[in-house]
Structures are given as C-alpha cells and as structure tokens.
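Next come two complexes built around subunit A: one with subunit B, the other with subunit C.
And now, the complex of A and B:
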C-alpha cells in the first residue's frame, strides 16, 4: 500500500518539475523540424536514397508517406532520446539528496526498498509517456500530414518494401522494443542516482556510459567482440529488426533478454546500494 | 507511566572512514520528557539523531524506541515519530499544501485535507498554502517543518535546532508550542538546540555530549542545582567589596569584569550571607544576579 502511495507521490513530483516537460517539448520541436524539412525538401532526400535502385526498379505511388517519415524520425531520434530520459530519471534519487528531502523521506515508515522501487516505477512510466508521445507524433501526426502508404526500408541486405497492411504490427512491436531500450537507460540513470548526491552526476554519467558503449560497439576490434553482445547499447536498435524480411525473431528475443537482464541487475544494484547507504545529506 | 523509556540509546558508536563521529553514547528518554540534547558543533548530535531515525546505522551499540529495535519494527517505530533533522527541506517546486500532502501520504496515518489546512493555520501559514516553498523564508520553512512533524500526531517528536532562523516572536511561539505538546498532549520531545536558554526553560532532562561521548545525563534541575552559581555583583565600592569577598569567601575567586562588576562563584546557599556581609560593611549593592546557569554549566562540562 505504502509503495502505491509513494509511487503516486513520485508522479506528482515528476509532474511538478519543469525539467520533466523539456523532453516532451524537445521531442515535439525535433519532430516538427524533421516533418517541416521533409515537407519542404523530402523528395530530394528520397531520391538520394533511391538513386542507386532507379536503374533496376521503378517506383510508383507516393513513397514519401507518413510511415516512411515515422521510420526516419525513429532512426534519427532514438540516439538522442536517452538524454531526455536521463534528464528526469537521473535526478530521481540524487535530486532528493541534493535538496535534503531524502532524510525526510527515509525517516518515514516506508522501507528504503519501497522508496527505490517507487522511483523506478515512476521513471518507467515517465519513459513510457515519452515513448507514446514519440509514437504519436512520429506515426500519427506524420500520417495525418503525409498520408499513408507502403513503407520502403533500406537495410544492409537491400531495399525492402512493406505493404501498407503489413506495417502496423511492426511499429507496435518496434515501439515496445524501443521502450525497453529507453527503460534500460532510465534504470541505469536511477541506479547511478542511488550513488550520487547531486543531480548532474548521474545524468552525465549515463550519457558517458551510452557514448562509451556505443563506441565500443562500433569499433571493429577483436578484443571487444566478446563483450559487444552483452552491452545494452548493442541492442538499442533492436526495434529496427521488425522491419527486416524475414524478421530475425531469435536475434530480437536475445536482445529483449539482454535488456531485461540489464534492468533486473541495475534495479538490484540500486536496491542494495540505497539500503546500505548512510543518509548524511 | 512517566518512567516508561521511549528512547533507549545504549553505547552506540559510529565511524565514517577513520573519523569517529559517535563513541559510546548512551542516554534514555522517558515518556513525557522534554529532553535537551546538547553539545557543541561536531559533537555527534546530528549523527546520533540520524541513528534514532534509522538514517544511519551505528557500528556498535543498540537503539530501542518504544521498547523495540529497528530490526523488525522499523515502520511501526517511524510511524510514531515526527522529526525535523538539521533544517527542514521541502520540494521547492511544490506548494506548502502539496508538500504536506506528500509527507502525510507516507506518514502511516490517515491525514485529511482539512487537517492539513488546520495544521498550516496552527503554524501561522494560512493564506500561503498554495504558494511554492521556493519563495518561503527560512522561518516559514521552519514553521512548515513543524507542521510536517506534527501532522500525523506522533507520540515522539525529535526536533533538531527547531528555532534556528526564527525571529524572537517565532522562538517564543515554538517554545510555547513545545510546552503545550508536553502539558496538553503528554508528547515526548527530544530537543537538540544551541539555544541553551531554551533548553533551560523547557527541558526537564538533558544529556550533554562532546566529541562523540556522553558527558553528563540527568534532570536539568538536579544537574544545575548541584553546581555552584556564578554571581554578578554591582556595588558602589568594588575595591572594598573585593577585599571583603576575598576575606570571607576565599574559594569564590572574585574577578572584576570589563564593566567594573564583580563576578564570583558561590554555592547556592551562600548568596544570602554574601548580601548580609556586604550590607554589614555598608557597601551599597545595586545588583546581585546569577548569570545563565546552563550556559556556564555547559561551558564548564565541555571545557573539562
């Protein structure tokens, strides 16, 4: 019962903080900019991508539709959204230490584990809200402006065209998997927050870890090959796999498993740290 | 039931790295006590208070609250405690009312909005309930802290420097509030303060700690009455009076202070005879007053 009450408290705190709206506003502005750019000069962008296929394929119909715009938006923004997530979730525990409210919170009849789990739950729901907002703007607003149609996707194997009737489920699964990736970022930043007493440290550390892991993941060095499959950043683009043909279900399931493991381990670390911590702030 | 122990601190110690913040501190607070918790800065008061609220775990020793340890009774114990630790900090971006709602929700008691409004009125913050705490003065935050402490009607109230930053009127109000909580509601109050006069006025028992160790513990009246009284004497002829005092009260160590007054230490029952002797010697006494007893007692204990 106390857990639910405190989770509700956490929502109130998140909703009242101005920084919580930065992510939503930033997403709206970024998507508006991409949509504007595509509306203004999208045909040049599309012909650049399709140029190499024009000798062997002829394109009929409106390739540049809402489904393609959504795919482009997702590809462009999925790298940047972790910062918007960490901006809010990285502050959830350390922000309380920074303000001094942590000692008032921890001296109430609620267990420390419940405090931490409430924060993870609130962080997860904020991340879900951000993902839904991203989905709504990129998919539904883009479809409203550009109309709908078949989806043309360029993969490492070539060009794939998904018929309009075969797209919706790919996006639903894609967004769910993208949410799991962002949730891992949220969990990582909350975990780091349990070790810090200031707001900025966990946010910067989260981004530093993502950048470091991404660099390791892209470096073609044998020594990193053994750890690459276990880095969560390797699996952050798993959402794209739903747009391949055939869908590599085994690889997707592996990515989901690794991301879930990361979440469980990070929550456990945060619980351990916060429970053993002396609150001196 | 006055001797029912509410807080039992038995030989607790706490180290941070190589720094020993608390070394073998013990004391007991009984039901209905207003218990003064004294010590200079860095004495270990805040660490001890944090141990009482399970914010810090002592390395050794045992703490019992309401006869129970934190091991399996943490929630029950903390639901009976209201506290301000060091300074009341709130969510600055939320209103006073929202802050109280947040803390009330996890206080372990059912607190209605009406009670929140009543409490805000009680601490003199009515009309400011919708204002963000960001714009509150330190004194207003202290009042809000008191409101947060009392909201769930706790049996034990722990106040760490509750009058810091308050104006004289605010200090009197808090003092009266503490006395009312004791007399009308029989609350047990642990009060840590640098305002020794406050402790002297409202506490019935006290402990003094320094460098992490308990120095003395007992009732305020017993501890202060056992001591000698420092007298400040204003007379028309200081030289004549000094000679007389050195002759009749040789162990009183009289000294002239910068205002030309004589300061001396006497046993409490010697004060009347000093006055008699001065009158007999025709020395006009315009003032004979004891200085703040606790202040001197505190300095003496800490110094020793």
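And now, the complex of A and C:
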C-alpha cells in the first residue's frame, strides 16, 4: 500500500515539474510540423520514395493517407523521443539528491528498494503517457486530417503495401514495442540517476550511451558484429518489423527479450546502488 | 508539265504511305474506335519482385478519346504504360508506319505480326509489335518498347466482349532490374541481414482480370474529374 502511495507521490512530483511538459509540447510541435509539411508538399516526399518504381509502374489510389503519415512520424521521431524521456526520468533520483530531499524520503516508513521501484513505476507511467500522446497525434490526428487507406512501407528489401484492414494490429503491437524501447531508456536514465548527485549528468549520459550504441550499430565493421545483437539500441526499431511481410516474429521476440533483460538488469543495478548509497553526507 | 510532276509526286507519296499501313491493324483500330466509352470491374494481381501487395479490386472507366480513370479503395500497382498508351498510339494511323509479317501461333490461333514504327521521333514509343488474330481483329499479344519505361509485353485473353475487342484479362510482363531503393528512406539501421537480390534481372507480372463491361452506355465527363 505504501508503495502505491509513494508511486502516486512520485507521479505528482513529475507532473509538478515544468520540464515534464517539454516532452509533450515538443512532441505536439514536431508532429504538427511534420503534418503541415506533408499536407503542403507530401507528394514530393512520396515521389522521392517511389521514383525508382515509377519508371516502370504507376501507383493508383490514395498513397498519402493518415496511416502513412503515422508511419513517417514514428520513423522520424522514435530516434529523438529518448531525449524527451531522459529529460524527466534522469532526474528522478539524482534530483532528490541535488535538492537534499532524499534524506527526508528515506526517513519514510518505506524501504529503499520500494522508493526506487516506485520511481521506476512513475517513470514508466510518464513514458506510457508520452507514447500514448505520440500514438494519438501521429495516428488519429493524422487520420483525421489525411483520411485512412492502405499503407505503403518502404523497406530495404522493397515496397510493401498493406491493406487498410490489416494495419490496426500492426500499429497496436508497434506502439507497445516502441513503449518497451522507451521504457528501456527510462530505466537506463533512472539507473544512472542512482549514481549521480545532479540532474544533468544522467540525462547527458543516457543520450551519450544511446548515440554511442547507435553509431556502433550503424558502423559496418565486423569487429562490432558480436556485440551489436546485445545493444538495446539495435532493438529499439523492432516496432518497424510488424510492418514487414511476413512478420519476423522470432526476431521481434528476440528484441523484446533483450529489451526486457536490459530493464531487469538496470533496475537490479539501481536497487543495488541506491540501497548502499550514502545519503547522510 | 510542272503541275503534272507535282501530281505524280503526290500520288507516289500516297502510295508509299498506303504501303506502310496494315489492313489487319486498320481493322483492329476500326473495332477499337467503335468503343466510345466503357466501365469495367477489375481485379489486379501483381507479382512484381521487390513489391508485396495483395490483390486489389478496382473500377476502370474509359471514354474516347483519351479519358481514363482507375477507381480503387486502396493502392493499386499497374504498369506505367499499360491500358491506354498502346491504343492511344494506334488510334492515329497517320503517325506511324505498320509492316505486316507472318506471326506465331498463340493459344491455338495463327496470328499476323504487325510491326509499328512511329513517324514522329518525339513520341515516347520506339517500337510496337502486335500479334493480331486477323479473323477476329483482336490483339493476342503486344510488345511495346518505349523510351521512358523500356519493354512491356502484354498478353490478352478474351471472353464476351470480342465484338468490341475488349479483353477479359491482361497479363503485363515488366522488367524490374532497374529498381533501386533510396537508402536514406529504406535503410533500416537495425537490420543485420543485408539484402543481395536487388540488382538481379527479374521479370514482374501484373494480371488484370476484367469483368462486367458496360460498353457505350454513355459515361459522364464528371467521372474523370
């Protein structure tokens, strides 16, 4: 019971901070900009994608629809949203240490482990809120503006056109997997926050790790081939696999497993660190 | 005397032009021109390498001289130069030369091959080869070579609309070796297996099944807007 009350308090703390709304506002502005750009000149973007095919083929029907816009938004923003997540969650423990409230928190009739777990839960709720907001804006607002229709997806193996009736479940699973990816970022930043005494350190460190891992993942060097499958950034784009045909379920399950392992290990490290943290000085 | 020479020259030009027209093709074009408009239900099945798409239902509208529209609920893939381009090109005999020669047997029918060469160099069509059933005045197979899209082979099948020369199915064969994926858009940075089959020379096939023709019923121009 104390755990839930503390989690509620943690969420109130997040809601009270102005920086928590930066993510929501930034997402809204970014999506509005993308939707405006697509409305104004989306056909150029589409022709760039289909140019190679249109030498021989012609596409009839409404290609530029809400489903495609949602896919474009997701593809563009999923790289940047971790920053918006880390901005809030990276401060959850270190912020308390910085302000000196951590001692007061630890004096409550609740174990240190429960304090950390309630912070993780509050961070997960904030991340969920951000993902739902992203889904609502990218999918439902885009559909409202552009209408619905078949989804044309360009992969490195070619072009896949999914019928409208076969899209909804892909987005639902896609957003759930994207949430798991963002949750990993949230967990990482809270874990780093347990080691720090200020807010900036964990936020910058989280982004630095994501950038480093992403660069390692993109480098076509064989020396990194053995570690690439174990980097969480490699699996952050697993949501995209639901839009392949056939869906590579084994690869998706593997990605989900690795992301879950990351979450469990990072929570364990944070628990270990916070339980032995000296908060008296 | 001068006028007589000009007259002889004119007669010679006319004879030359006449010699470059094909009776078989002219009969087909006459049949083609008897269709003022039509609408037809289409089922489009595309088997094109590097493109995955399920079959799509559509309604096709056509009205003389060159009004054409495909109405689909979803996205349909069709050859760039498929339905209208050949007929549009053939509709004006003064713009091309046609040479008849012996054809091959297609679906048990002995055909006449007509090679069509445009006179106007600015046209997109370089060459068209038509295998025509001269008894029924219908095209059995066509091979259209264009500057923009390369070669397109179309095989025709017919059912109840033979009097109008309208097919019940069309099978388009297209060359897909030139497809290149824009890496900045298509590349999945998290993909570890690299695709290797993009540059292979492959043929794509798009089959269009046409049913429920409504011919010369009078289509409104507003449909094509």
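One rule holds in what follows: the second predicted complex is superposed on the first by the 278 of 281 C-alpha atoms of A that agree within 3 Å, B and C clash if a C-alpha of one lies under 4 Å from a C-alpha of the other, contacts with A are read in each partner's own complex, and residues count from 1 in each chain.
To be clear about the criterion, a contact is a pair of C-beta atoms (placed from the backbone, for glycine too) under 8 Å apart; a residue touches a chain by one contact, two chains touch by 3 or more.
In this text the structure is predicted, and so the values were computed from the model without any measurement.
Does the superposition put A:236 against subunit B (first), subunit C (second), both, or neither?
Touch status of A:236: second partner only.
Touching A:12 in the superposition: subunit B (first), subunit C (second), both, neither?
Once the two structures are laid over each other on A, A:12 reaches subunit B alone.
Where does A:149 make contact in the superposed view: on subunit B (first), on subunit C (second), on both, or on neither?
The second partner, subunit C, only.
Tell me the contact category for A:218 with respect to subunit B and subunit C: first, second, both or neither.
second
Look at A:157 in the shared chain and tell me whether it touches subunit B only, subunit C only, both, or neither; answer first, second, both or neither.
It touches subunit C, and subunit B stays clear.
Spot which of subunit B and subunit C makes contact with more residues of subunit A, would you?
For subunit A, the partner with the higher number of touched residues is C.
After lining up the shared chain so the two structures overlap, which partner does A:280 touch, if you call subunit B first and subunit C second: first, second, both or neither?
first
Now for A:2: first (subunit B), second (subunit C), both, or neither, which partner does it touch?
first
Quick one: classify A:100 as touching subunit B (first), subunit C (second), both or neither.
first
So in the complex, which bits of subunit B are touching subunit A?
Contact set of subunit B toward subunit A: 16, 50, 53-57, 74-79, 81, 83, 85-94, 98, 102-103, 105-108, 148.
Quick one: in the complex, what on subunit C touches subunit A?
Counting only subunit C, the residues touching subunit A are 48-54, 56, 58, 70, 72-80, 148-150, 174-176, 178-183, 185-192, 194-195, 204.
What residues on subunit A touch subunit B, complex-wise?
My answer: residues 2, 5-6, 8-9, 12-13, 16-18, 99-101, 103-111, 278-280.
Applying the document's contact rule, which stretches of subunit A touch subunit C when the two form their complex?
Those in contact with subunit C are residues 48-49, 51-63, 149-150, 152, 154-161, 163-164, 214, 217-218, 225, 228-229, 233-238, 240, 245.
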